[in-house]
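What follows is a short report on a single structure.
In order of appearance the chains are A, B, C and D, and numbering begins at 1 in each one.
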Amino acid sequence: MNLTVKVFGPQARLVGREEVALTLDEPATCRDVRRALAATEPALASSLDASRFAVNHEYVKDDHRVAADDEVALIGMISGG
Amino acid sequence: MNLTVKVFGPQARLVGREEVALTLDEPATCRDVRRALAATEPALASSLDASRFAVNHEYVKDDHRVAADDEVALIGMISGG
Amino acid sequence: MTRPIDITLHQGPLPPAARWLVAGAGAVVRFEGVVRPTEHGRPLAALHYEAYEPMTTQQLHGLARSIVAEHSLLGVRVAHSIGDVAVGEVSFRLDVAAAHRVEALSAMAAFIDRLKQQVPLWKVPRFADEPAGLEAQT
Amino acid sequence: MTRPIDITLHQGPLPPAARWLVAGAGAVVRFEGVVRPTEHGRPLAALHYEAYEPMTTQQLHGLARSIVAEHSLLGVRVAHSIGDVAVGEVSFRLDVAAAHRVEALSAMAAFIDRLKQQVPLWKVPRFADEPAGLEAQT
């Protein structure tokens, strides 16, 4: 399954782009997305553990199943206000 | 010694005026002023213990000596803000 | 570095104030106290505020200086009404500027607590159902 | 009773806002976050803010509803910048209205703490000594 993960802010600067394309075995959960991101983008290593995933604009836990047409976003290093 | 004590806000409403005239034996301290006010103005009974005195626009303790030409003010029932 | 402190007693309700920006501040917090429609359940027309000058202004200055020092503020601005302030109008404004929000918010709470304990300011309710009394003469 | 909640994302620095008064409120508190001149000691030109819409606005609404309920507020108004905000300009404004000051101040602290934990908003520094980089393309 091919999946793109949106990244933002400092994490987008760290990886040099705003989306990261991943290929995952099915079925896949956000835990698999996290592992694949860590492997694909070493620059995210220090911030990935403290980051959460949103699927279709809702926060989800790591056991949430993802599908190829889901909008998956990495929500990390946030600093509003 | 004749002394007038300025009163304000709710305490002025309780005594019906903005100054209370007292006659005190000399030497007199603010403690004597407090006792004389309690005797002269029973309406102040419930708020006098929680009130402070200012002499010449500075807070003072009850052992502060007062003179006839001091400006003495009862600072009680304050509620700014 | 200048730590601006500005104290104003204003006759009647406070007019709207412009944004207050202080160089280097990351957090600017404004508190406005508004006259509520009732007191102990009884409809109010207004609150009548009294000060005892110059002691009131002196105490406000001293309090502001203390709070600036204790909370590392970059500035404090205070305005308080004297006289009548009708329901829904603003009688008190406190502006606090700090590098960061934590100091600004703790300073604001501390300032208001101590204002109510030590600054000679009084309020007398004017209830909606009573004629103007002694207050009108003062 | 209506508890007004107003959420705005604004392109660029926030313009000055008029006083916000809510019926029945005795305390109206405004927090403004201002871009500070340095970050970790390095001179800044601006902060570049990003949101992830519609999730950012949804999260701000949900947070505002929670804080209104938990602190018995009469209303909350939030405005946050997206895009570039230069040093000295305002990027964030929070207005809170409550019957009394204690709820208003505790609500303000809680709102900002949780904003920083849960609302998808990012900032990227634009340092004074570097040319515009990737940010210029986004």
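The rule we apply is simple: a contact is a pair of C-beta atoms (placed from the backbone, for glycine too) under 8 Å apart; a residue touches a chain by one contact, two chains touch by 3 or more.
Remember, predicted model here, so these are calculated numbers, not experimental data.
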Path length in steps (a step moves to a chain that is touched) from chain A to chain B: 3
Whole-Å gap separating chain A and chain C, where each centre is the average of the chain's CA atoms: 49
Chain A and chain D: spacing of chain centres that average the CA atoms, whole Å: 25
Residues of chain D touching at least two other chains: 33, 101, 112
Numbers and ranges of chain A residues touching at least 2 other chains: 81
Overall pattern in which the protein chains touch one another (line/ring/star/complete/other): line
All touching chain pairs, where touch follows the definition stated at the start: A-D, B-C, C-D
Contacting residues of chain B [partner chain C, same complex]: 6, 8-10, 12-13, 16, 18, 54, 57-59, 73, 75, 77-81
Contacting residues of chain C [partner chain B, same complex]: 33, 49-50, 52, 54-55, 58, 80, 92, 112, 115-124, 133-135, 138
Chain C contact footprint on chain D (complex, rising order): 16-19, 21, 23-37, 88, 90, 99, 101, 104-105, 108-109, 112
